[in-house]
Amino acid sequence: MLEVKNLSKSFDGRNIIKDLSFSLKNGETMTVVGSSGVGKTTLLRIIAGLETADSGVITLDGQNYDPQATGVVFQDFNLFPNLTALENITLAPKLVLKMTAQAADNLAQELLEQLQMLPYSAQYPYQLSGGQKQRVAIARALAMKPRILCYDEPTSALDPNLRQEVENLILNLKRQGQTQFIITHDLVFAEHVADQVLQLKPRGENDEG
Amino acid sequence: MEPRVIVLLRSMDLKRTFLLGREKMDYVIEIMPALLSGSLMTLKIFFWTIILAFPLGILVALGEMSKFKPLRYLVEFYVWIMRGTPLLLQLIFVFYGLPLLQIVFARYQAALFAFVLNYAAYFAEIFRGGFQSIDPGQFEAAQVLRLSRFQIMRKIIIPQVLKIVLPSIGNEVINLVKDSSLVYVIGLGDLLRAGNVAMARDVTLLPLVLVAIIYLALISLCTLMQKRIEKHYSYYR
Amino acid sequence: QDHWSEIKQSKRVVVGLDDSFVPMGFTKKDGQLTGYDVDIAKAVFALYDIKVDFQTIDWSMNVTELRNGTIDLIWNGFSITPEREKKVAFSQPYLKNRQILVVLKNSGIKDFSQLKNRALGIQTGSTAQQWYESDQKALHAKQEILYDQLPNSFLDLKAGRIQGILLDEIYADYYLAHLPKNDYQVIVDKKTPADYFAVGIRKTDPTLRKKINQGLKKLQANGELRRLNQKWFGTDSNYLGE
Amino acid sequence: MEPRVIVLLRSMDLKRTFLLGREKMDYVIEIMPALLSGSLMTLKIFFWTIILAFPLGILVALGEMSKFKPLRYLVEFYVWIMRGTPLLLQLIFVFYGLPLLQIVFARYQAALFAFVLNYAAYFAEIFRGGFQSIDPGQFEAAQVLRLSRFQIMRKIIIPQVLKIVLPSIGNEVINLVKDSSLVYVIGLGDLLRAGNVAMARDVTLLPLVLVAIIYLALISLCTLMQKRIEKHYSYYR
Amino acid sequence: MLEVKNLSKSFDGRNIIKDLSFSLKNGETMTVVGSSGVGKTTLLRIIAGLETADSGVITLDGQNYDPQATGVVFQDFNLFPNLTALENITLAPKLVLKMTAQAADNLAQELLEQLQMLPYSAQYPYQLSGGQKQRVAIARALAMKPRILCYDEPTSALDPNLRQEVENLILNLKRQGQTQFIITHDLVFAEHVADQVLQLKPRGENDEG
């Protein structure tokens, strides 16, 4: 279980997150909604260890939390421009999980297939459309099979068909016991996939939904 | 670009002054061997400095960004001295100063030692700039994929840095070709020295014109290689 | 064409020198130019009521400067050599110099021939270099190293990377006299011909040449030359030309 | 960083060799005025070259990217010659060569002329690199807002380019401080020349140590200013 | 009227747009939908003059078409990082339309207000959240009052409230006679604002909707 207690964060003296507490059970999916600029991305970055909170405690299964447990699909993708779509996905499995090139390629191609991206696997990020980049970013995070998978608006650049595809993917992962943390503006989508919805509200009047 | 040079040299009235009379051609043929053997020293210094200073420069750049403060200060101090004083003086100190402390280098080794230390510092600054201009999102993305610091460097950052720093490195390489003439101060004869000797002896600017043309050729070669490498790296944006 | 009338009228003449060439012409610690040649040049032109402007130049550019007219005279321990005579006119010589060899005292080297399998230092573009590269039979080293600045060659000699330096006696005397501790030995060779310092003048300036020669003679006659030799070299000499 | 230098100089055994006996201190004080007046020439060349070569460099960079081919070729040719041959030779040609074509410069003007032309070429290459590393999306966004080419340059591109090229410009500025010593070849006395004269006269390496320290001070000043400007530009990322 | 006839475009030999024809009447709003990677952004870039078509003709009111007539909200915003949100918006009106600083500021503030961005007007792009950047990009394009206004997924980073806000804005502009060309994945949104929906389909089987 991921537990966040009394988390606070401000930028330039402006409180963005104040005294936020929530918990996410293993295998469950939490969606985070809230108006633009409310601090969703900031919260995700803190959980991923990319931003430090001003105060507050995070624990995983009661133990000190290590951000290494998370994988992230970034809002602006952050693909590696010097690698092809396929290489973006296989890099970490090969280097970190020590998969063979063959196994990593198979895994990546499976994921690309599922996201209808197989024809683009040899293209570099600058040659991809917005939605194509987003799908590569999703596949890259999935391939690492992290304990907690965080998505920052994973469907923003996708058409309805693909959104459905991603929804299926997420539900599928949930069935396999994957813990997921999803920022989204799409309330319908949020309802479909969530065990729990975290509604962020401006100025510290946070609430669990 | 080369053919255009000829045209320009002709169209200006340089011909009358510097070039191309029958006796002058003979003179050129006479001094060419000395100039070419001077170029050999230039090329040797150039070649070894590149080979050794390039990897050292990357290491120094990493040292400059190290979180271990004593190391960082030491490396910063080294870069500060190397960039802060003329290479000419560094050569003098290595070759003429160190023997006062009982450290005696042979001529050519002293030259290489000073050149490598000096250029590594310059390369390091360029690499540091390159590292810092990489989008932090790239580090973050690699970090959450649990790549080690070393893997992030090797697979993600350094390839992108190389692409970025290529023009600056090109500049320094060109400087190196020219700086190599500084070895005159420790008694090594290079291209420029050969031209100077001929000029002082024969009281004519012609040898220097030839020296300039040889430099131009060497440096054009470097630029050409740079363009090649840039093209190689243009597979992504 | 001849510049004498211009010089006469503007009352100024430009002398080019290398201000690091002790003791002929150099800058003192206070920034003042001084030296044997500086004194003589001033004395000669004082006779014509002409002021001397000293222009520091890069020594390897001396003849080019003269030809371009950026200086009127080269007057700075400028030896007469056959190569130079092709390009410039010389005044009458005013100082006798010779090329000598400096070695370390404890090196055991006694004469020029012992350099045969050792390394020799020479200054680039110097009279020493021109003589060494001529048809002479006296001195042949295994390897020659060219230096831009003579002090560097002394440092190298001391570090043991060369075993001898061939240079102007005039300079060697000054340098060795100024060392706190003299570890060096001067070796003179009888077969080495003397060379002569003279003023370098454009070939198109015969009048200027004539005036300088007359001036030098006058200094010899009135004892000024003897006084300057005493002042700079401690010798009682009134030498002027052959 | 400066205090650390002292410590290091002490801890190494340089003291015995170079520094700090009572008579040596007196000597330092004696020759300092000559060195400082040499520095004046260094600073003058430095200052005017920066002032003139910087804007010229931007213009040349724009010329290099011009769509008007004759202009572009001309500018590229100029940059090629300037970067392809040593500044030392350029100085010699301007001062000793041009008079053969009846173009006569005074010493100092010749030096400035050669330095400005040379450094403008280097600055131009740096700017061109800077321009090319701006995200094309920035041009596109400005273009669809109907800004003129000139407005796009002034308001959007150049401010971003300046931020990017600052480290490289810093490198060149440091080179300039050191390169200014090349004026010796046309008979101008600068800092390094003053040190050389003192070394020849007084038969000691000490003046060169002082010269190195003065260079270090001048260059540290430049680096400090660079850091300041970098900070000024850090208001955005 | 904007008329596009027989437009074709390929990248690296792959046909992206083939023989596309459509027309957009003055004052009307066209939405463009279609799956990811189908060529929507490419079409917009051709209309905006940022990409050249391989073949085809574009006319505006029967005359040769000048891309200067369009304004664009980019999919990845392309805000000027060296200018604040406010400066991003006022720059072009001041320089191109020769508005006074006062008038331009007023206009920009009106737009920012409408998009609930007033508190962020002095921030630099790197200090803005995804949705905040998108709103600045919209305001920047609107401020120039172009003949044809093109949007590339203008609501992708926005929460439902803000999407509604942008919808209102677009309908408002439509009432004022603004011609608009909108790429979107949001079919509901597309229906609400469109006079005409252009459905792009892969591989040259294009159709007017």
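Just so it is clear, A, B, C, D and E label the chains in written order, and each chain counts residues from 1 on its own.
Methods note: contacts are C-beta pairs under 8 Å (C-beta built on N, C-alpha and C of every residue); 3 or more make two chains touch, one makes a residue touch a chain.
None of these values were measured; they are calculated from a predicted model.
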Item to check | Common touching chains of subunit E and subunit D | outcome: none
Checklist entry - Going only between touching chains, how few steps reach subunit E from subunit B? => result 2
Item to check | Partner chains that subunit C and subunit E have in common | outcome: D
Item to check | Top chain pair, ranked by number of contacting C-beta pairs | outcome: B-D
Item to check | Chain of greatest Cα-centre distance to subunit A | outcome: C
Checklist outcome for this item: At the largest C-alpha centroid distance from subunit E we find chain C
Checklist entry - When the centre of a chain is set as the mean of its C-alpha atoms, what distance in Å lies between subunit A and subunit B? => result 47
Next on the checklist: Quick check: how many Å separate the C-alpha centres of subunit A and subunit C?
Outcome noted: 82
Next on the checklist: Using Cα averages as centroids, what's the distance between subunit A and subunit E in whole Å?
Outcome noted: 29
Item to check | Multi-chain contact residues (two or more partners), subunit D | outcome: 92, 96, 205
Checklist entry - So which stretches of subunit E touch two or more other chains? => result 76
Item to check | Residue numbers of subunit C (touch at least two other chains) | outcome: 64, 149, 155
Checklist entry - Hey, which chains are touching each other here? => result A-B, A-E, B-C, B-D, C-D, D-E
Checklist entry - Where on subunit D does subunit E make contact in their complex? => result 135, 137-138, 140-148, 151, 155-156, 159-160, 163, 235-237
Next on the checklist: With touch defined as at the start, can you tell me which subunit E residues reach subunit D in the complex?
Outcome noted: 48-50, 67-68, 70-72, 74, 76, 78-82, 91-92, 95-96, 124-126, 140-141, 144
Item to check | Touching residues on subunit E, where the partner in the complex is subunit A | outcome: 11, 33-37, 41, 75-76, 120, 127-132, 135, 153, 156-163, 185, 187
Checklist entry - What residues on subunit B touch subunit C, complex-wise? => result 92, 95-96, 99, 104, 106-107, 184-187, 189, 193, 196-197, 199-203, 205
Checklist entry - Which residues of subunit B touch subunit D in the complex? => result 1, 4-5, 8, 12-14, 17-18, 73, 76-77, 80-81, 83-89, 92-93, 96-97, 100-101, 122, 125-126, 129, 133, 164, 167-168, 171, 174-175, 178, 181, 192, 205, 208, 211-212, 215-216, 219-220, 223
